[in-house]
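Structures are listed in the sections that come next.
The two complexes that follow have chain A in common; it is paired with chain B in the first and with chain C in the second.
The block that comes next holds the complex of A and B.
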């Protein structure tokens, strides 16, 4: 397994190089000037002032020169500076990455805690009111826009009931946990419906297989058949869905981050795209790419634990 | 008689004592302590050389001392207790307040090891901006700058090659020059903006990008701040911010409040709506050096074909202000009556002007042609509200007079790139409030010069006004420039909108921000009435 993991990590290098090159080229293809955008909201600059700042920041250099400079610096561990904030990009990313990870992991945990049992119970109680209620809930989850749901939660629990803070992050562990509730519940909604439905259908499929029928025929207890024999096999597609969505949530949490004023790397990337902050965009994509590769690797490893028949080639 | 005399003496002493009793601004606060949480939609690192951003300057102007602050539109002393200006307006002599100390208890100045702020720090701060070509030092000041020197520890002299009339203007002139310590700049280097150190009423505590900035009261400031702590909380989603404001999770929304919310908060007795004091214009620019925009009659037709006032009122709600020009009511250069004279709604006139220059519907399909071809004009705009609604209103107004307007809505970056490239069409424009704005927009190398807005007479009037220290004369020059802009360009105006910020009423002695955010000055010391919270 070590050899396999090592090989996968080595394969990351050309992949990451390709991603950064493509991102660097693509972001420069979009029309727009970072200095203009940076200043347009507040400062009133003449074209002469803008050109002076562009020159100083190296933005007037030819694109290959800018890219060579970026790569050289990157190999030395320097991601460059943000045009917008003029601070190191690595600082900008590292300040937000933990917050994004906390939000995403908490949401995934919420999804697993609620959606997984709900989907399984729904499958086991197929055709009953429990099944109908669970599927209605899942449908609501899939169809409700997260930003709207977030604002509603904020209105109810923040403004009217005054139970939870509407925005920001608490500083003490208790305050932090309280401030994490609304954004993580909102974010988990995106996956809740999907995972409930996948868990139900996956469980139903496994419950209909021959070996499950054989287990029942042999007189094995229902609970043992369902949870010892059927559930592990049903988990494979669920794991695939959750890991795939995990990567998506890392960058896709931007709306939630924006609504709840939660600092995150998704919001950083989107703001950087709109601000044409080239190095921030390229480096956040680089970080996303690395994380997606790592999550996929971890998922592959987890497969072997859930289903020992799966072995690395 | 003796008793009467004693009583009178006691009464006089009491009256004197009461009249001399320090107000909140003298450091005696009706209630001390508490945290003032300010909501803003975005925030940047706090280096005054690079932070070209209003809300970031709100923090900078509380961490760092400024030579002066802007209060009710006028400069008032800060680090400079007073200043003199030579008769020809080229030499400014700043008299520095004694006893102002750099914040201590940090990596640069350990607790109790700070030093006094001197004129040498002022000189260092000015040169730091001047020497850094990528700094946000205004071109007006940069072009006029000759030298800055400290004649003694408490006197700094700034010499210019000519008078700078907009030296006090918001977002231009010296309003950018926050005073920094050389030791701090050398210690933190490029990271100074992440660890700002100053001598203002509040000390920097922490900065979490996209989340918050925390400041605490500077106990060594020459006035004791009433507040313990100030937090700037970043809230990019404005509807969510409005909920947080009502819930009391933020005490003041320091960024632009949407018109609908302004209307709602005006009716809320727990809230106060504060006018930022610089009305912002919404207007159109166009490719004036290309046909048919190069014909003044066509520009005039575009101006008269739409009911700008009605459109602006509908889209801006209670923030709408009728008017035209770059400077709004209350700002130097504002010309009353400009809207009615140049931009009133008159579709009949618009149609006759287009007929006159041969932009007519010759094939009877309902759309006008120019030189035998269908005239389809792209209208460029950015994509955030309410900009696309202005475009829709123009498309509709065009259809009423047979002029086909094609919406071209993109993100701000793409929209700006089109303007820089001078792409043919109409552009929605917004902003540039204040006197400096008129100059930077319509002046030499102005923001829209790429579209062909080049007129030597306007340049000359604006250049003269920027160097004229006589307020009346300057006002006349600015008004002349504004009137000429309207007369020759007919830049179709919709009107202005006021920027309103909103505070909870338990925040006391607070008057909002004007580039500098004055929380603790000789006249104001903001405090929180916790009983009302």
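The block that comes next holds the complex of A and C.
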């Protein structure tokens, strides 16, 4: 198994390489001269001055040299400086990353707490009104723009009932938790419908398998069969879905952070676009991709523990 | 044996019943028997009509400002009120259908076409082509769709056309992956091997034997991609990266409504409902198409 994990990590390297190539390409696709963009707020520069800055920044070097330098700097954690704040981009991102992580992890927990039981109950009560209601709810969930759902929650629980804060992030632990509720519930909507559907169909599939029938035939209690025998196997596809949709969740977080004024890296990136702070944009995009790659890696490794069939392959 | 039964029954009602039916006939029958599908088609047709005849249906000009009539609550004259520039929100909502539908269908159609071509080439020819296309797809899959679209809009510059371009750039990888996988497995099937043995040309095999088999599944996915594109476009426009003011677009209307949430909540509610209804209708149709066109699901 160690060999499998090792191989899986080695396989990740070309992907990370590809992803950095893509962000490097993005930086160079940006129209306009980078020096002029950087100096947009300063006084007009002479061509000689611009050329000297270009030389200093290595922008006159051939592309492969620039690319090699870009990678070396990245490995050392150097992502360049933000045009607006003048501080290192890596610092800006690290400042905001924990907030995005808290938001996404909380919504994944919410999805598991709500969608899993809902899907499993509707599988066990197949064809009843509970099943119909859960599936209707799941369908509405995937058809709604998540950020609009957030606006609706804001209207109801923030403005109308005045229970929760609508924008920003609380400072004290209690205030923080209160301000986390609406954004994380909103973000969880992205996966809620899907996970409910998958939980239902996966549970239904397992319930139809021979070993479940055998357990019933042995006279085992219904509860024990459903929850001890069927459920653990039904959970495996859920892991695939949640990790496979992690990228989608991060994408949704960008918009939802903007809706609720949550200070994560998604909002950082969007604000940076309007500030023409391109290094912040491209590097945030890179961080998003690295997060997705890491989550996929961890899931694959988790599989080997959860599903013995993979371990013995 | 089977022949003799058919002969026996010739001319009778039974003959009609046991006559083999075409794939598209069965699929069509199954589709129109699905209530949700019919509902979806009706709603979508109404939306398309509203989009086409927006000039005739909308009670006011969606871009005409009226400073004597700003921030009006819903009334008989203005069903869902007016915005901060006195423009009629209901008229803007109707014009918004135009943009959302065009974006949804155009993005889905173009990215599906690109995806089918590249995916089929990748799966059929294999080798270096496959290698290059699939590595590009792998790398793109690592980026969240919306994040990559945002980055591309940042490069192209925020506008409605650039947003569509960005969405096409990120969405084509799904049909490409789907088609590649299907072509890979089809390539090894007996009937393709048989066609090759009979001396069929590569063009014949691809267009006559492989693509018709891929087509139904691609249509199903394309219908879901319409919904996906509409949702993504609304999110990008909400962020100010898509349709620009004063365009009457649902996503940017939602972003505009934020300032007036306290006094005019209806402005925040209506465009979102419109998006949801459009996407829901699309998903109904997509689900029904999948049930009707996917032979593996047929009972």
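FYI, the second predicted complex is superposed on the first by the 233 of 313 C-alpha atoms of A that agree within 3 Å, B and C clash if a C-alpha of one lies under 4 Å from a C-alpha of the other, contacts with A are read in each partner's own complex, and residues count from 1 in each chain.
Everything below uses one rule, namely that a residue touches a chain if its C-beta (ideal position, glycine included) is under 8 Å from a C-beta of that chain, and two chains touch if they have at least 3 such contacts.
In this text the structure is predicted, and so the values were computed from the model without any measurement.
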- [ ] Quick one: classify A:81 as touching chain B (first), chain C (second), both or neither.
- [x] first
TODO: Look at A:275 in the shared chain and tell me whether it touches chain B only, chain C only, both, or neither; answer first, second, both or neither.
DONE: first
- [ ] Name the contact category of A:49: first (chain B only), second (chain C only), both, or neither.
- [x] first
- [ ] Based on the superposed arrangement, let me know which partner A:26 touches: chain B (first), chain C (second), both, or neither?
- [x] second
- [ ] With the two complexes superposed on chain A, say which partner A:199 touches: chain B (first), chain C (second), both, or neither.
- [x] neither
Open item on the list: By the touch definition at the top of the document, which applies to A:165: first (chain B), second (chain C), both, or neither?
Closed with: first
Task: Greater chain A contact set [chain C / chain B] - done: B
TODO: Applying the touch criterion given at the start, work out whether A:258 contacts chain B, chain C, both or neither, answering first, second, both or neither.
DONE: both
Open item on the list: So in the superposed three-chain picture, is A:89 touching just chain B, just chain C, both, or none of them (first/second/both/neither)?
Closed with: neither
Open item on the list: By the touch definition at the top of the document, which applies to A:148: first (chain B), second (chain C), both, or neither?
Closed with: second
TODO: Would you mind listing the overlap between the chain B footprint and the chain C footprint on chain A?
DONE: 30-31, 147, 151, 154-155, 159, 258-259, 274
TODO: Flag every residue of chain B that touches chain A in the complex, lowest number first.
DONE: 39, 42, 44-45, 47, 50, 52-54, 132-134, 136, 138-139, 171-172, 190-191, 193-194, 208-212, 233-237, 239-241, 243-244, 246-247, 249-250, 411-414, 416-418, 420-421, 431-432, 434, 436-437, 439-441, 443-447, 449-450
Open item on the list: Applying the document's contact rule, which stretches of chain A touch chain C when the two form their complex?
Closed with: 14-15, 18-19, 21-22, 26, 29-31, 139-140, 142-149, 151-152, 154-155, 159, 247-252, 254-255, 258-259, 266, 269-270, 273-274, 278, 281-282, 285, 288-289, 292-293
TODO: Show which residues of chain A lie in contact with chain B when the two form their complex.
DONE: 30-33, 36-49, 52-53, 55-57, 81, 84-88, 91-92, 95-96, 99, 147, 150-151, 154-155, 158-159, 162, 165-169, 257-264, 267-268, 271, 274-276
Open item on the list: Which residues of chain C touch chain A once you look at their complex with the stated criterion?
Closed with: 135, 138-148, 150-155, 157-158, 227, 231, 234-235, 238-241, 251, 254, 258, 261-262, 265, 268-269, 271-272, 275-276, 279-280, 283
